[in-house]
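Shared between the two complexes below is chain A, which pairs with chain B and chain C, respectively.
On to the complex of A and B.
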């Protein structure tokens, strides 16, 4: 047989690279009309479901709650310097201070006292001292709730802190009473110090407290926030007001007006009955068994102060925005199926062989598919959430979820961007999980079931399971990423029962998304390994 | 890069079943190599290994001396049609070729060229799911031709084709080979390759049965016999025996000559002045030759009859 002819050379030259692969996968996606329609359905569901949920969810009506065993949330809140809802209730032993001055004290003892909520049998009693009970010194604009302040304090379980203007919290070095504390004022700047012995001082931090008048109030304070404990599944909890007492000595004041004496004031209302940080369900609350207002007594330069309440940002229990955005789970189911089908349809038809023969570097094929389906899902989620967010916010406001307890967020606010971008990112992550499960199982049904079981089911389980189990589900499963849809900013210095039932997620914001990200990365690596090893 | 496929010592096992067993052969450029064996003989498995889709347990499969996995833009080196049904039914035929082209850095212009080449212009904007098997084969071939590769592999391209379609593919294969490409065509029916393949690689149960040119195979099966019709029987027998042939009487004017090709018989008789009225090679058909081969292969391995129904490997049509 003659083989003397010139070997044939291909007349076609093109570029070889990842961009070509990306383009091929995008062409694959856009040329199946059903997939384009599915992406539009994702956007439509993501837009429609939160709006629908928001229009059906009515806020608690304060009238009916007062008569029953519940109370509308936030009925005792004050408006803080940032215009947001704050709790500002404590007992204040004070006198005026000028633009320059300081206060130094020793907190010689501190602990929970007096009132305890009635705890039903079978549940742990309330702690003797609330972890965020506070006793310390404060420089505050006035005794009016919600005004600016800076304070240094001993807490029940979080050591020495310097806090100012409700949302700011800095840890000091000291741990518990007895403890020396000092605040110095220089104009608007207040600096906090702590010391174990009154000789060696450590600076905790410095705060610029804008709007502090030339004559402000300085003094000693005690507060003890509400006790809260989950008692079972879902929404069940017990809670109520608590109180604490502290003894201060070595009180030394500079910059005050001569001849002034100490005055005791109850700052804020809501004590002596209803809980300050009101709860939806409150056992043992009511006018008859509240802790009563605080008070003080002084003997030989030592002050014994008794108080209840808190100075902290107000955190509502119910997060109506988040509850509404749970509706995006419907879109996630479609997006998971779309991600899986993007590869299982190739397995089903044998098209995967054409794909892998045209691109033998299989890891790159999977990467290209991941980017394409992730981008498609991100855009679908983004469009849906961007439509949903403003309408949902409006519906919620119409239904009684109003400022200051529930702020009205613009789509370009921090919360607005987080919810909208977060929803898009969650959709992208879910699509990628669907895709990689498609590689692992090579069948649509198994892949879709597995990822729905991983992403959607835990959210439902977390609501009905005991709060501890539910919380762990939302820490470990990719469902943790739904934390991005939170409409309530949560602070470490507020102790609140974080119940999945009320859309509270144990990992806040992007930390929760990191769980989904980790799942996606690990699953991608595993799928890539299988794809490279297996025959097709 | 040479336009060749070289398979050496290839072994592939699926669980306890050996699909390909120590298979060695070479596909040369400029000719059509038929890859023949019964269903389940390991043809498709071999092709998948060549394309890097299945990994070999032992041995190598090289395209122009390189492994498939090392090829960049592989469709410009090898074009393959493994399964005409490997399509997303809801995707238009043209779009199927378009993504494939994009994966090789090629554009829509090349797609139009191959669509024209396989004669699918009028159907290119229809969904591939509605295509007949013949049209799917054409679409698959268009995909194989996208990169204008020097090596082509077609797995059972004649399956389900009408006579017109078969004639078209035969013509196309001939054209591709004449351009200097190496063309490997698998079939479980030798008759499909009759008058078409230049070279044959025959396998059965994953093993190589024959690696031979079509001419040699037919000659071997014909056992060199030439039928000679002559009235001068004894003279003819004498001169042919002197020339080294073995001559047997087949009839009163008919001799069966073996050991000498027909051309030599004619010249020996002509030089000796022996007249004859007919000279014909006993030519076995390719099908007969193939049946003989596979029968021998099976007998050699001590198996029972029915060589063509043996099930080996995972033949996926």
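On to the complex of A and C.
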């Protein structure tokens, strides 16, 4: 009697698929009560800590002005066309222009005009010409600060630029004075050109400046923003207002009104961006030390103009939203421990042998664990941040952090989504780092310490170390990802000291997160190699 | 008690992680201190606290001391060794005291080397960065009262951090949770204090949290401006360590191992 033995089958096929593996890992996670509690703690800490930090942060409190909150109060902030805070202070030599016309000039010379902030001996003096000092031609709605404009200019160190409506900045081809510049107006469209010789013209760009009245102001301008330099760690900085002057010739205007002559006006008042009343360690600040308003003189068709100030978005020194979201570090600590425990507990109990016996392809096991712990951390971070964000914004507004200087963001705005999704993504990245460190060290203490050392400790070191070291730490370590929690948009055309102390991260937004991502990927690859090679 | 200490010393001595962690205390402290002294410059007269600067590395070195404190206790729980230890030394107060004694001894030794190394490295590096008599900076010397206090206090600081971690680990048992809790208290709270936008809370945190208060021991300049004076600051850390050890002792007495 011959019978064919049929191999035993459980009746369900495909049980070794990746989905089954994911399900197995998820089951392991959800059946440990302490881990579920830990995930809830992550969400709770992520929500509670920023809310608490925001509720204790009072704006314009004289005691805390040292941190720069009063920066806006002491400076000349106007409301720009987009409703946001801008700096709009410069010297303007102008006359009216109709809907169609153009202005052409040659900037024959341009440079800092000698006024520099007093800097203590030993520190680098303010540059002779501020890198973003500007001299050029502008078509502006009126001489009122904050109105729409488009301008072509020579800058101190950034070559020829065309800028309009404060936030837009286009690089030209020219480098330095002498330089020919031209703006043409056709209705609301303004086009900028530059030329080295006044014959060969290159278009820089064109701008639609909506809201420009039929009769706008056209003319020459000079501005020179504040000098601002960090001198050590923390809030030690030096700076103050600067001035610049330029000589313009070959001024040719079309589309103006007959019989008009050039008028000089100081647009805006004050000395620029640094506070006069705040206790920022700023040597030589204040109106008494300022270069005073600008002025101009004309001889034989050449105009000598000097001015101070800037036309740029107002960039606050501190970012209250970011500061509040530092509270999520508490949640990150728990997330890291949870990630490490997810694998080290298997090593400790010997469960890892069962896991790897039932699924011998170890890389897949690690991938499944990574996905499960990453997803759990993401959801916990998402829930926490989604609760924290609107409440934090409300608390900040209640405490005096209000528009226009401090924009109020909704959770579905670009910044809101970036902060909330970013916080969740950081939590997921930290959990994955904890997990792979658990594979590498196989002991939770070492794994947790290594990853906290990598993700959290650089933040405190960056704050206490000199600014140069600090910014490099925040470029190279996974802590760079915290840049995602920023609520202030930083512009390249504004010189500002980016200090870790003020929650300014050197890599903006998702670039910072890419550092964390790179660490996680490299660590994952290393850990899966070790997991395959080592005995368990 | 002597036998309990001897037993603890044998346990500590025979695991490789002890040597690595003590080495890390020295290497991280000296390395970061030397880096700070090598980077910070004094172009002309400056108000830098050179003693504090020379001891910057304690910031990182304390993580290894904390790790040692956690491991001494939690490694026994994760391996089940704690049951053998308690069978051999049934009086739990004695066991905990013996552990505290060996942690104190080894961290004291490693901390002394780390602090002397940091001061020595800074003595070599700082004059080259402009910290000279010409710029009204007196050279770093352990014969100088406040500098000696800062240096000796930094060693004590490391010991207290080790004991604090040990107490937390005895109270929490789970190694990952203990490590996370200890490092969270040590490192996250100071970040919050440094960037906080509330002067009142900043002042409170600087006075009453382990790292902020304890690090006051390193200050040798502008003592009047400190949120808390050096020795009282270290005293606050001492209170934290005592409270953590008391909590650990209570849990050890009340809970099954």
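In this section, the second predicted complex is superposed on the first by the 493 of 536 C-alpha atoms of A that agree within 3 Å, B and C clash if a C-alpha of one lies under 4 Å from a C-alpha of the other, contacts with A are read in each partner's own complex, and residues count from 1 in each chain.
Keep in mind that, in the parts below, a contact is a pair of C-beta atoms (placed from the backbone, for glycine too) under 8 Å apart; a residue touches a chain by one contact, two chains touch by 3 or more.
All values reported here derive from a predicted model rather than from experimental measurement.
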Open item on the list: Quick one: is A:408 in contact with chain B, with chain C, with both, or with neither? Answer first, second, both or neither.
Closed with: neither
First (chain B), second (chain C), both or neither: which does A:326 touch? second
Item to check | Which superposed partner A:337 touches (first chain B, second chain C, both, neither) | outcome: second
Looking at A:31 after the superposition, I want to know if it touches chain B, chain C, both of them or none. Which is it: first, second, both, neither? first
Of chain B and chain C, the partner touching more residues of chain A is C
(Q) Is A:252 touching anything from chain B or chain C once the two structures are fitted on A? First, second, both or neither. (A) neither
Pick one for A:57: touches chain B only (first), chain C only (second), both, or neither.
second
Chain C partner, complex, touching residues on chain A are 53, 56-58, 61, 63-64, 67, 69, 120-123, 232, 234, 318, 320, 323, 326-327, 329-330, 333-334, 336-338, 340-341, 344, 348, 443-449, 452-453, 456-457, 459-461, 463-466, 468-469, 501-503
Interface with chain A, chain C side, in the complex: residues 17, 32, 35-36, 39-40, 42-46, 48, 56, 59-60, 63, 66-67, 70-71, 74-75, 78, 130, 174-181, 183-184, 187-188, 190-192, 194-201
Chain B partner, complex, touching residues on chain A are 1-3, 5-17, 20-21, 23-25, 27-28, 31-34, 345-346, 349-351, 353-361, 535-536
Chain B contacts chain A in the complex at 1-3, 28-31, 48, 51-55, 68-69, 71-77, 80, 82-83, 85-92, 95-96, 98-107, 110, 143, 146-150, 179-182, 198-199, 213, 316
